Amino acid sequence: MAADWIVFWVCAPISIGSAIAMLLQRNAVHAALFLIVNLFTVAVLYLVLGAPFLFAVQIIVYAGAIMVLFLFVIMLLGVDREERLVERLRGQRTAAILLGLGVVGEVVFAIRAGVGFSTRAPAGFGAANGGGNPQALGRLLFRAYFLPFEVTSILLMVAAVAAMVLARRRERPVASAERRAQEPIEPSEPSEPSEPREEEPVG
Amino acid sequence: MLRQVWLVPALPLAGFVVCLFAGTRLGRYAGWLASALVVASFGIGLGVFSDLVSLPDASRHVVRHLYEWIAVGGFRVAVDLRVDPLSMTMALVVTGVGAIIHVYSIGYMDGDPRYGRFFAYMNLFVFFMLTLVLAENFLLLYVGWEGVGLCSYLLIGFWHERPAAASAAKKAFVVTRIGDTFMLVGIALIFLRLGSLDFTAVLRIPCGPGQHCPPAITTDTGVSTVIALLLFAGAIGKSAQVPLHVWLPDAMEGPTPVSALIHAATMVTAGVYLVARTHVLFEVSGVALTVVLVVGLVTALYAATVALAQDDFKRVLAWSTISQLGFMFTALGLRAYWAAIFLLVTHAFYKALLFLSAGSVMHALDGETDLKKMGGLRRTMPITAVVCSIGALALAGIPPFAGFFSKDDVLAVANQSGHALAWLIALVAAFFSALYMARLVFLAFFGEERTERYAHEAPPVMTVPLGLLAVGAAFGGFLGANETRGLLQTFLAPVLGKVREPTQGLSGPALALISVGVAALAIAVGWLVYGSGRIDWVALRVRLSSLHRFLARGWYVDDAYAAVLVSPAKAGSAFLAYVVDARLVDGLVNASGQLVRWLASVGRRVQTGFVRNYALAILLGALVLLVYVGLRI
Amino acid sequence: MRTPIAYFLVASAALFTIGSVGVLVRRNALVIFMSVELQLNAVNLALVAFSRMHGSLDGQVLAFFSMVVAAAEVVVGLAIIVSVYRRRRSADVDDVNLLKW
Amino acid sequence: MDWLDWLLLAARVVVVFFVLLLSVILLVWVERKVVADMQTRKGPMRAGPRGVLVSLADGIKLFFKEGITPALADRPVYLIAPIVSMLPAFLAFAVIPFGTGVTLFGRRVPFQIADLNVGILWVLAMSSMMVYGIVLAGWSSGSNYPLLGSIRSSAQMISYEVGMALALVSVLMYSGHLRMTQIVAAQDRVWNVVPQLPAFVIYLIAGLAETNRPPFDLPEAETELVAGYHTEYSGIKFAMFYLAEYLNTVTVAAIATTLFLGGWRGPHPEHLAWLWPILWFVVKVLAIIYAYIWIRATLPRFRYDRLMAFGWKVLIPFGLVWVLATGAVIVLPDVYGRRPVVIGAAAVLAVVLLLSLLWSALARRRETVEAPS
């Protein structure tokens, strides 16, 4: 009974269970919480698989940043707490489940054909991780994968700018504001600043 | 200085760039800058020339490699400049006359809203012309060839607000393009048959028995005839010979300095240069030389007759240019290449002088060009009158002016090489030449004043160039005064071959006497009709109106072209545009559009707008793909 | 390590399937988005497992990139959801079906 | 690893857990006393000698108070939130070495629960987890004030986490290790606080914000938000939040000690060689906590927009420039040799960058003050 065996059999069921629970939750916040649990268990699986760096990154990036952002948006939007799970598209749910089963079957078949269910990882992994996993990963990242790395950084920058542009509320043009200030009588009804304007484009 | 030969074309190019981008900012200085650059180019050309002269006769051709331009498989074209007597003669004419005309333009174009652009184009033209004459291979020559065509187009249409100028520019461009296309085919043929485009490889000079001649040419005169005729077609177009001469008279719509530089002194002589440069090919062919001779003679006579009936100052000069070019081609056809180049040089002087005089007159008369409305200008414009008369005398062939020596050479060669008929035709053409020049001068500068406008002499910036050119027109002939051992003849001998001693025909002095007599007779007739006032030339014109109209309209060649070529082409185009394109092509396009619309109206029902439907489709596709891949394995 | 690699891959497949079913079945845009994240995670797990199996770190690098890209994607996606919500007062993807026919 | 190892590990966990709890109890008393002293008051005096048992009394009181659950609350989340907020503080402590260790039963026992090779990242991960407790508490209470408080708080914590991460990044670049023991080992001659002083300052400021301590205690600004995210909490659940806050303070101080102040390092006699490092560690942690209390007693609370502006426009750019400068100092000698000119030039450049950045940031802030929107 090795430690990784125990950890796998503890984490994998929790992970799948929390994923299913996420799927069935009507409340978006609860769904997010289950997803966080799932992310944590997956992180632990990374640890088992010899990827402590990814373990940390998974927690920092996914659990720490992305999911907080999700919670944030859910709360900010004040989306109705409960979502009715009644399906309106005919046959969608049946088709989805059938297709899902198909995917599982396919992949399991592929794993059996391609990898085999008793294949153990070879012992040579320690050499690849030489000098510590973060260090080895860093060497790989900044040498062989340097260009993708830099490109990714640009992608992140673009995403940040894009998010700011998308989520920003349009300010009213200064000119019209000035005109309004000069006109003593306000002809149109004063619009609520928080109300979404009709001319705002949808992203 | 030989290594710096690249500066000769580079300086005008720099001027073009500067004037194009900073022309408006430079203001009047644009003209001075452009002129200074051309003058500098001329100076460097002189340096190169002196270096070339210091070399021994046999090694007087230097190829300066600039860079590898095209290298595709076995096809190699380099930007090489060729320095030899012929190219240097041409380069010095281009930069020398060009510089004078540039300076003249400073005064002539003063006040034009597109002043900077004008000089940009002029500099560009000089650059392309130098590229043409200095090129070491056919392709680079072709680049210059098309480049000067482009500049000609731009400058003829410089005042493109005037419909006449715009259409003249278009006409010049299209008509010369006909010849250029033949020429390009010829160049391609040269490469196909001879495997190279370099002059040194293609034109081994001299190519006699026992020497290394291009194999295809020595064995196959048919090919060389075809090549020579194709190249000559290009020359016909560029040098406005019959039957592609129709663009040059219309090209007078451009500013007068342009006419002087491009349509008298340099660009139109490119055809002469081309034939002289490739005369080896023509000689191997033989037939091609005859064609050149015939075309030259026909053009010389035909254009001289037409020039007699023109009322427009510049058009007289334009037809005269065509005629003079005909004389040059006659010389080429008679294998007297040096004579052609000699005539080219002197013609550059006196024709540029005549055009600039015309410009001076127009400058004084607010753009008036109609000879009927001039007269007696010698009193108000003495300098112009004197220099114009010098140019006219030079053209007419009165000694000691330049034209006498050069034209006399052509006539002498015709006589002494046994082409008596050619000699007679040329003599008649020379008679008409002297006659129309006499008519021009007497109508414009003598007699009574027929204009109310206040005429005045041009500023020094214009008269000084006129004076310079007048000196050239007056004394340029001494360059080749000695028929067999003149300066020019000996200088050009390494390229164009030695002047052959006459073996038959009349003796030199006798021929000179005959041609001077003919010219004097023509001038006397001209004085009698137009200068003496004893004959009412207006009445004469009315009496001979049908003949006059026939001549004035250039023997109706243009009208014939319009009827035979242009109208059917227009009708055909209209048919294609309004019937074939509108009905058939558009119909096909519209039909396919309709089909797509119909298909789309059926297929778009798939687009439900529900994201989750799309996601379902994606997953389904992925699944199918997986199954496919799984089955493949 | 005693656990066969295939177990991790099966777990990954299961997670991926749950994620895809979530995308297909749920209507709340945010939950759909979370399901997409679940799918990405499943793929990452598979990548890390493969990395272990082949004894090289390339799989981990790929998983790393996938995480970074997922972060970028979430930022933009959430911004889009927010602006759609502002306009339509709803986060239901079935309400945003203007892009049809 | 046999059963003895497991046992020793469990023992360490238990000891650390209880020591931390105890330290919180002590810390509450210390803080009240120190603040009182700074304000020339006496502070709590009744429970125990000089009121030393006051926090114990508080704890007992809270323990026996009725736990109220609001009717609109999302019950499971409402219950989980306090626990979630406590966990990361404990977990982050797991990687901190608080002594050299002893030899027991013939094997080496380090004074550290787990020496992860991604130690710093673990710290970062746990500090990013701290947000959850607050967010969930605010949302699950089903009340407006807690929700506002939690949203404010999470925005603040996420923002300052970036600055904190930058400070940590420069430290790990400088020492070249992610493992805590190695970072401590690398400080055997000079503590990181000397070459990494700006990073230390950044870390301390960001730590203040991360732990919601004054002057960054916006989430629970009573005057604006009643009591922030834990308005609806009472009894034992409130105690947990309270505990978590002080635990966070201790953890932040311990991390600062480990990363910047040489951890357990300090001159000590050979006698009882295992004990002195622990004492040194405690002294350093207490010093930092004392500084925090001092700041609390001195500075007024920030306005919210100023807080965010400071985080994004001053702290993060500053941290970025510092990371850049650190990288330059590390790499330049490799590239150009140890030429002092190069390094000096890089240093001057960095200083100029820093100054220009600060100047522009301050200038912008002055503008906003002059023209209120």
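The first chain written gets the first letter, and so on, giving A, B, C and D; residue counts start at 1 in each chain.
The rule is short, and it goes like this: a residue touches a chain if its C-beta (ideal position, glycine included) is under 8 Å from a C-beta of that chain, and two chains touch if they have at least 3 such contacts.
These numbers come from a predicted model, not from an experiment.
Enquirer: Relative to chain C, which chain's C-alpha centre is the most remote?
Expert: It is B.
Enquirer: Between A-D and A-C, which chain pair shares more contacting C-beta pairs?
Expert: Spelling it out, more C-beta pairs touch across A-C than across the other pair.
Enquirer: At what distance in angstrom does the C-alpha mean of chain D lie from that of chain A?
Expert: Result: the chain centres lie 27 Å from each other.
Enquirer: Please tell me the distance, in whole Å, between the geometric centres of chain A and chain C computed from their C-alpha atoms.
Expert: 6
Enquirer: Quick one: chain C and chain D, Cα centre-to-centre, how many Å?
Expert: 33
Enquirer: Centre to centre, by mean C-alpha position, how many angstrom separate chain B and chain D?
Expert: One centre to the other, that is 88 Å.
Enquirer: Which residues does chain A have that touch at least 2 chains other than itself?
Expert: In chain A, the residues touching two or more other chains are 53, 57, 65, 76, 89, 92, 95-96, 99, 103, 107, 133.
Enquirer: For chain C, jot down the residues that touch at least 2 other chains.
Expert: 20, 24-25, 27, 94
Enquirer: Going through chain B residue by residue, note those that touch at least 2 other chains and give them in order.
Expert: 610, 612, 616, 619 - these are the residues of chain B that touch more than one other chain.
Enquirer: For this entry, which pairs of chains touch?
Expert: Once each pair is checked, the touching ones are A-B, A-C, A-D, B-C.
Enquirer: Taking the complex as given, what residues does chain A use to touch chain B?
Expert: These residues of chain A touch chain B: 89, 92, 95-96, 99, 102-103, 106-107, 109-110, 113.
Enquirer: Please output the residues of chain A touching chain D within their complex, sorted ascending.
Expert: Touching chain D from chain A are residues 27, 29-30, 33, 36, 52-53, 55-57, 59-60, 63-65, 68, 71-72, 75-76, 81, 132-134.
Enquirer: Per the contact definition, I'd like the list of chain A residues that touch chain C in the complex.
Expert: 2, 4-5, 8, 12, 15-16, 19-20, 22-23, 25, 28, 31-32, 35, 38-39, 42, 45-46, 48-51, 53-54, 57-58, 61-62, 65-66, 69-70, 73-74, 76-77, 79, 83, 87-89, 92-93, 95-97, 99-101, 103-104, 107-108, 111-112, 115-122, 124-125, 127-129, 133, 136-137, 140-141, 145, 148-149, 152, 155-156, 158-160, 162-164, 166-167, 196, 200-203
Enquirer: Which stretch or stretches of chain B touch chain C in the complex?
Expert: The contact residues of chain B facing chain C are 604-605, 607-612, 615-616, 619.
Enquirer: Quick one: in the complex, what on chain B touches chain A?
Expert: Where chain B meets chain A, its residues are 610, 612-613, 616, 619-620, 622-623, 626-627, 630, 633.
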